[in-house]
Each structure stands twice: as C-alpha cells, then as structure tokens.
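Per-chain residue numbering starts at 1, and chain names A, B, C, D, E and F are given in the order in which the chains are listed.
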Amino acid sequence: MTEKLCSESYAEMTELVLPNDTNMLFNLMGGKLMQWMDIVAAISAQRHSNRLVVTASVDNVSFKEPIKLGYVVTLKAQVTRSFRSSMEVHIQVWAEDVPNQRRFKSNEAYLTFVALDNEGKPVSVPVAVPNNDIEKHLFTTALNRRELRLVLAGKMKPSDAEGLRSMFTEK
Amino acid sequence: MTEKLCSESYAEMTELVLPNDTNMLFNLMGGKLMQWMDIVAAISAQRHSNRLVVTASVDNVSFKEPIKLGYVVTLKAQVTRSFRSSMEVHIQVWAEDVPNQRRFKSNEAYLTFVALDNEGKPVSVPVAVPNNDIEKHLFTTALNRRELRLVLAGKMKPSDAEGLRSMFTEK
Amino acid sequence: MTEKLCSESYAEMTELVLPNDTNMLFNLMGGKLMQWMDIVAAISAQRHSNRLVVTASVDNVSFKEPIKLGYVVTLKAQVTRSFRSSMEVHIQVWAEDVPNQRRFKSNEAYLTFVALDNEGKPVSVPVAVPNNDIEKHLFTTALNRRELRLVLAGKMKPSDAEGLRSMFTEK
Amino acid sequence: MTEKLCSESYAEMTELVLPNDTNMLFNLMGGKLMQWMDIVAAISAQRHSNRLVVTASVDNVSFKEPIKLGYVVTLKAQVTRSFRSSMEVHIQVWAEDVPNQRRFKSNEAYLTFVALDNEGKPVSVPVAVPNNDIEKHLFTTALNRRELRLVLAGKMKPSDAEGLRSMFTEK
Amino acid sequence: MTEKLCSESYAEMTELVLPNDTNMLFNLMGGKLMQWMDIVAAISAQRHSNRLVVTASVDNVSFKEPIKLGYVVTLKAQVTRSFRSSMEVHIQVWAEDVPNQRRFKSNEAYLTFVALDNEGKPVSVPVAVPNNDIEKHLFTTALNRRELRLVLAGKMKPSDAEGLRSMFTEK
Amino acid sequence: MTEKLCSESYAEMTELVLPNDTNMLFNLMGGKLMQWMDIVAAISAQRHSNRLVVTASVDNVSFKEPIKLGYVVTLKAQVTRSFRSSMEVHIQVWAEDVPNQRRFKSNEAYLTFVALDNEGKPVSVPVAVPNNDIEKHLFTTALNRRELRLVLAGKMKPSDAEGLRSMFTEK
C-alpha cells in the first residue's frame, strides 16, 4: 500500500472572469465557478492517484459576494484524505479585484472523486498522508463529512452516523 | 404578503450531451451538469419571485452513473419553500440513452437563491405554497436542509440545529 | 409497422439568454436560437424514432421581436408526421422577461430529420399518430409543407405540387 | 436614394469543423452551421447598409451530406436585393475534405435582415444593384421568395401572391 | 517533386466580434484573435499540402488598436514558402467598424505548420511557387524569418545566422 | 517611482485539455494554448501594475510535442521587466500526462502588456525588481527581446539595434 503526501496533489488554477462566464448582471455564474472547481479538483485527484478520475460528489457550496466581470479567481485544490478508491479534495476559492487591490475568500468546498483503472473499474489509490496542522485537521474531519455524504445519499441511516451524532449532540 | 403555488415555478430543461460538454472519456463533466442545474434552478426561482436572482448555495450533489456523449439530459426544477428573500429549489436530473430506450435518475439537488431588487438588495418573495403530498414533504424537510446549510456555512452552532439533532439522535 | 402518438415525442427546453448567446446589442443571436431549435427538435425526433437522427431541413423561420440578455426562452418540440425514414418536427418558441412578467411567442418553425441505423443508413420510423385537433391539423398540413420543401430543394416541379397549387389558386 | 453594387456586400467566412461544433457522430451540427450562416450574412448586410442589422428571417435550408470533423467549411454571402429597410442575403456553403481533395456544395440559403438606426428603428438602406447575369437572376427571383416569406408568416394571403401563383400554375 | 502556386493556398475568414470573444473592456482578446489566426493559417497550410497539419510556431505578433465588440475582423492567409515538410503562412488581419465605415490593418503575422501523413509522421509538401512581386518578396524574406525562428528556438547559433547577421550589420 | 518584486506578479494556471480545446486529432490547438497564455500573462501584468492591461505583443512561440486530450497543462507567468507603461511577461508551459506520470516542458514565451488608466490611456507602472539569478538573467535579456520587437514591428532600424547586432556578430 503506497503512501503519498497530501501536498503532492496540490493544484492551482487562476481564471479571469470574462463575459462568457457571466450572467445578465455580468457577475460570474455560480454554475461556471462550480465547473472550474470540478476541473481543478479533478486535476488534484489525478495527481494523487495517477489515474483517470470521475466526480463522485460535490459537497455543499455557498456563495457570498458577487464576483464581477474582470475579477481574477484563484482556486486551490488539495486531497485531504483517501478512502480505498476515492479521494476527498478540499478547494478554496479567492476572488480578486486587482486594480482596486481587494481580495476576498469567495468559497470553500469538498469534492470527492473515484479513481478508475483502464477498464473503468474503481481502483485503490495511495493513502493520503497529512503533514501539518491544517492538513491533519482536514484529514480528521473528513470522516464526518463522509458520514454526512452517505446520510444525504441515503446510504447510511442518520442514527448510524456516529461522528455526526456526537457533533450535533455535544454542547 | 402574496402567496404562490410551488408548481407555478416549475421549469424544465432538456439538453443533449455534445462533445463540448464532455471530459476525456466523452462523459458529461460533473461541472457542466452543475452549470445546467444552476441555470434551470435560477429560472425556477425567477418564476417564483419575478425578480433577478443570485445563487446563494448548492447542496450536496452526488453522481452515480456516467452520462455519455449523445445522451439526453432532462432537468426539472421547482421551488420547495421560500424564506423571506431566499428560495430553495429542488432539482431532479434524468439521463436518457434514447436509441437504447434506457432512462435513469442521475441526480437530485437543492439550490438556494436570493431575490434582488433593482438596486441589487435582497427583497422579499411570495410565500411558496405546496399543494400535494410530494410538495408538502419537500416543504417540511426544507427546514432541516436549511439548518444543515447554516451549520456548514458556520452560521449556526450544531448544538442549536434542533431539527438535525433530533434526526441524528432518534432511532 | 409500429405506431406512436405524436405527443410521445414531446420535448421541452428552457434556456436563459447569457452574454455568450448575444450579439453586440446584447440581444439573442438568430443563429444561436436556431442552434437551440435544432437540438430540441433532434431530441423530439430521437424520442419518436429511438434512433440517431440527422437534420434534413429547416423551414422558413422569421424573427419578430428582439429577445434580450436575461430573458428566458422556452422551446417546445413535437413530431407532426412521419414519412418512411423522416420526421417533421414542429417547434414553438416563447420568450419571457420574467421580472416584468411579459411573455411573447417569438417563433415557430418546422424541421425535418432522418433516422439512421447503426451503419448510418436511413431506416424507417414508427407512424406518427395525431390525437387531438391541433395535432391533426399539423398532420394534414404537413403534406403541403413537404411539397414546398421538395420544390425549394429542386426535387419537385412546382407544377407537380398539387397541394400547393390548389392553395395558391383557390380564392 | 443611394445605390450600391450587390458585389460590394460580399463576405466570405472559412471555418474548420472542430469537436466543439459537432454532434455525437462528430458531424457538424445543423444548428451550428446555421449560426455561421447568420453571422456571415449579417456581415454582408452590414456592409451593404453600413448599419447595425438584425435577422428578420431565414428561408428554408436543406442539408445533404454530413460535414465531418476536420472538414473546412466556406460560406459566401452577398446581398441580392434591398426593400426599403430590409435586405435579402444569398448564402452558399461549401464543405471540403482537404486531405482527400473532395469539395462539395453543402447548402444554399436566403436570409433577410433589417437595418436599424441608432435608436433601434428600421432605417432605409441603399438600393442593391445587380451587375451580372447571376446577380440579376437572384435580384429578379427575390420577389417570389419575398412573397413566400410573407405567405408563410401569415402576412399575405396565398391568393394575393401573384408571382408564386403563376409559378405553381404554369406548366 | 510537385509545385503549387502560393495563391492556391489562399484562405479568408471573416468574424464578427461577439461578447464571447471580448475581455472586460468588451475589446477582442489578443488570445482569441490568435486562435482565429491559427485556424485560418492551418486551413491555408492544409490547402497547400492536402495533409493534416500541426502548428509548429507563431512568430511575433503585435497589437495596435483595440478591436471592439461588433467590429468585423477579416483574416487573409497564404503560404509564402515551403521547406520540406513545413510551410510558412503569412496572415494579415483587418478590423472594420462597419457602421462608421472605418477599416484598419490590425496585425500581420507568420505561422509555420508541419504536414503529417496518416501515421502522424512529417511528410514532404509541394514546393510553393510565388507568382507576383509581393509573393516573391515574402518568399525571399522567408529565409531570414526562418533563421530567426531557429535562433529563438535555440536550434541555431546567432553567429551562424548569416542572413540575419547581414541584416543587423549592414548600414 | 514605486518598485515591486518580479515575484509578486507570479500567476499560475492549470487547465485540463477537454474536447472543446482540441483539433480533429484531439490534440490541444495551438491557438487555444495561446489564448490561455494571453490570459495568465494578463493576470500577471495586472498584478504588477494594479491596472487594466491590454496585450501589446506576443513573441515567437514554438510548439514541440502534441498535447493530447486529457493532459494537464500548467502555465506559469511572471513579469521580467517594466518599461514606463509596458511590462514583459515570461511564460512557461508544462504538459502532463498524469496517469502515465510523464511531464514535459511544452513552450516558453514572452508577452508584453500596456497598463491603462481609467480613461484608457497608457499609465506608468512600478519598476520590476529581479531578486534571484534567473530573474536577473530575464531582466537583462529583456532589452534584446525589446529591440527585436521594435525591429520586427518596423519601429527600429536593424542597424540601430545595438544589442541584437552584437549578438549576431560576436563569435
């Protein structure tokens, strides 16, 4: 069973918000941002697994401030934890109004991917090893997020989600 | 305070998966599907509110089977419940391999939108009124999904999320 | 020879006019609308024939009012009549300025498609059966539209187009 | 009233069929070709009128042979006749499989455009003057095509379409 | 060894600058223009060689005036000289503000392409024969441009670039 | 006169080659790569100048190996030197076949941008300060590249290009 540092999967994408990416208010469309998130996270999961990967799920994403035409968007993706043939990728999105030197964190999200072999069957991936405090925190909390995904997908009963239950019950 | 039936916000979108929408396996990209979901849900929220709307959040989306080049994708969106200036929209996605007469449910998701007035300020929307059993179920469960969104966005403490807590604690 | 109701081929597409779809006046481009018409009509013809289909012709389309950035466009397509391996599809296009609650019929058109087998050869399709007055009217008038297509394509002499001739000569 | 030669409005567009333009058979989509036709014809109408123009109608277009990925498509557009504020543009489309040195005429079509002044009101355009036999033929037959458009748009009774009637009745 | 006139490779492309092609100032993006240049030059090289071609290099391109949304862009491409399996293509770009009857030369560039056989191996192409003064000038100066490309790619020492050296040393 | 480190302008873009970006061989199109180079270099120039920027020139770019569908492309851009209102940006492009763990340098290029004030007039930018050996080398050689651009644009006589002349004459 091979191991690989989480940081080896790091991928960064920078995009300029162009008219083609915007809605009728000339703000970046939520769906377009999610498309970028999907691509950069897939690259990160590919780097970890050295395999073709397919999106398995996208966790809750919330949008705060509008990102306007001409802003620069930076997406940073890194694997947080692997589970047999799947990987959770953490993404952070910053928006930047460069001429006005304003930069703000726009979104954060977790996507999961499944690695496929050449026949398109799921295949096991290296163990992702966290190496600093932030990575370790993301590694640990990945279990709760996973339980939540399974509950939301109807694959686990809420009462069996022990991590979540303790989260919601402890004061 | 005006009221409006949930069903008045219904919007349906049919798309054909073209090369432009696919990844290197010629399967529909997850991010592209999310872009379609964002658009059809925005249309539904517009129909409910008769306002410009912006995406506030996209709940957990999971992807099951690959949707291949040439498949027909049908997205059905309808408002489930309104909260002052925001609306939750439920989306169901079907994929169809028409020549082989195979059709399967691909995804389900909840997106929330905020309605804006002409100055771009949030503005209150009509109360969404459910009118059959399915709509009533979606209306009721919207509260739990909302708590989850607030908890995930760090705007509510898990211990204050009463609906969720009871869900995770009851056997 | 199988039969199929015209209504089984119904397909509906909803699109939001985004900057990418507009011309320098930020109005929907005629060519972009025709592209959407082609796709939704192809889906309808696919549903009727359960075959791959290719566009054979697009009848005269006229554009009335501009459709502006941010409008919602709804396209409704249904097979009107089948001819051996080809099908005529009727499309209706509505444009909607949702915030101002204005909705107008923008276009109407007829497209024909040919169904192909796996070797790419034309293959016969089910007989399309109309089931209400509107469908019956479209079914009957399909013959004249077909004559017109043949005349315009130089495949029929105007003097042999009996249906058209009677239309142009009767007072 | 200014005059202008038809040939002054000539516009030529060459495109390479890329994956983005194709359907699931990797053939050029009918709708994409119509989008190119709309653009090149608009350029031609602009050149004749030196005005912004909007598409008023697209006449019957028929598709013969598939145009495959990698083919070169050449579109040639020229105004045939002007009518107060509108212009008819004739388009010819050739497809070319360059490596195999095969070239065939794919389509022919007529589009009409309306010229607009700066307030978006229709404005009169120069008289289009044909200058050779082909141009004169297109100029003369433009009247019949115009009658047909008016009849199909429900703006003229078939029995009032004198040019068409004689066409369909004479042996 | 076959010969072919340079003029037989002529290709012309006309494009309308649409929102999708522009940056946040609604001016044509440099990168989009380069994409068009690449396509039209590839078509020209294909016409000369009757082969699939791939871009080998793009020479220095400079941008003068902004090309605005709604302008018409005309690109004219023609092979200047062939070298075994490669061809140099000269491109001229004009921009046109049609309503204001203003037209200016925007760019000029040289691209080189390599012709490939069916196994993807470089294959020799016909000798390009210039036939007028302009073509002969482009044919002659192609040698210096080629030396410059080799020097810039690190494949030739500056001191071996005889044509360039004489250009830089002669008064 | 403000100064700014070259490294502060660093921008990195990661892209996945999708069907939409490829030619008929499903290799990344040269023009598409140039579009990405233009965007990431513009972001870098914006970061240095905190201004809107427009592309002034793209230096010679050569393409070596094909970049295939599904490869990951990484573009790294950084300002090398500033000249009053213009900046030269150096770009390095790597292509990566992740599943096969093969990574190669695909291209290198220099683009120049002009910074604009709010009226669209050129405006002076901070002095770019190199801070390590590589940056210093790029800073020094920027003068020769600038001379070459001026010569190629016909704005400087070859005989006045002292830096270039010495380069081509010294053994």
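Things worth noting here:
What we mean here is this: a residue touches a chain if its C-beta (ideal position, glycine included) is under 8 Å from a C-beta of that chain, and two chains touch if they have at least 3 such contacts.
Remember, predicted model here, so these are calculated numbers, not experimental data.
Across E-F and C-E, it is E-F that has more C-beta pairs touching. At the interface between subunit B and subunit D, under half of the residue numbers appear on both sides, which makes the contact a different-residue one. Inter-chain centre distance (subunit C to subunit D, centres taken as mean C-alpha positions): 20 Å. Once the centre of each chain is set as its mean CA position, subunit B and subunit F turn out to be 42 Å apart.
If you average the Cα atoms of subunit D and of subunit E, the two centres end up 30 Å apart. Residue positions 16, 19-20, 23-24, 29, 39, 42, 52, 70 of subunit A each touch two or more of the other chains. Here the touching chains pair up as A-B, A-C, A-E, A-F, B-C, B-D, B-F, C-D, C-E, D-E, D-F, E-F. Contacts from subunit F toward subunit E in the complex involve residues 23-25, 27, 29-32, 34-39, 42, 52, 54-63, 66, 120, 148-149, 152-153, 158-159, 161, 164-165, 167-171.
Within the complex formed with subunit A, the residues of subunit F that make contact are 11-16, 39-40, 42-43, 46-47, 50-52, 70, 72, 98-101. Across the complex, subunit C meets subunit E through its residues 19-20, 22-24, 26, 29.
Listed in rising order, the residues of subunit C touching subunit A in the complex are 16-20, 69-70.
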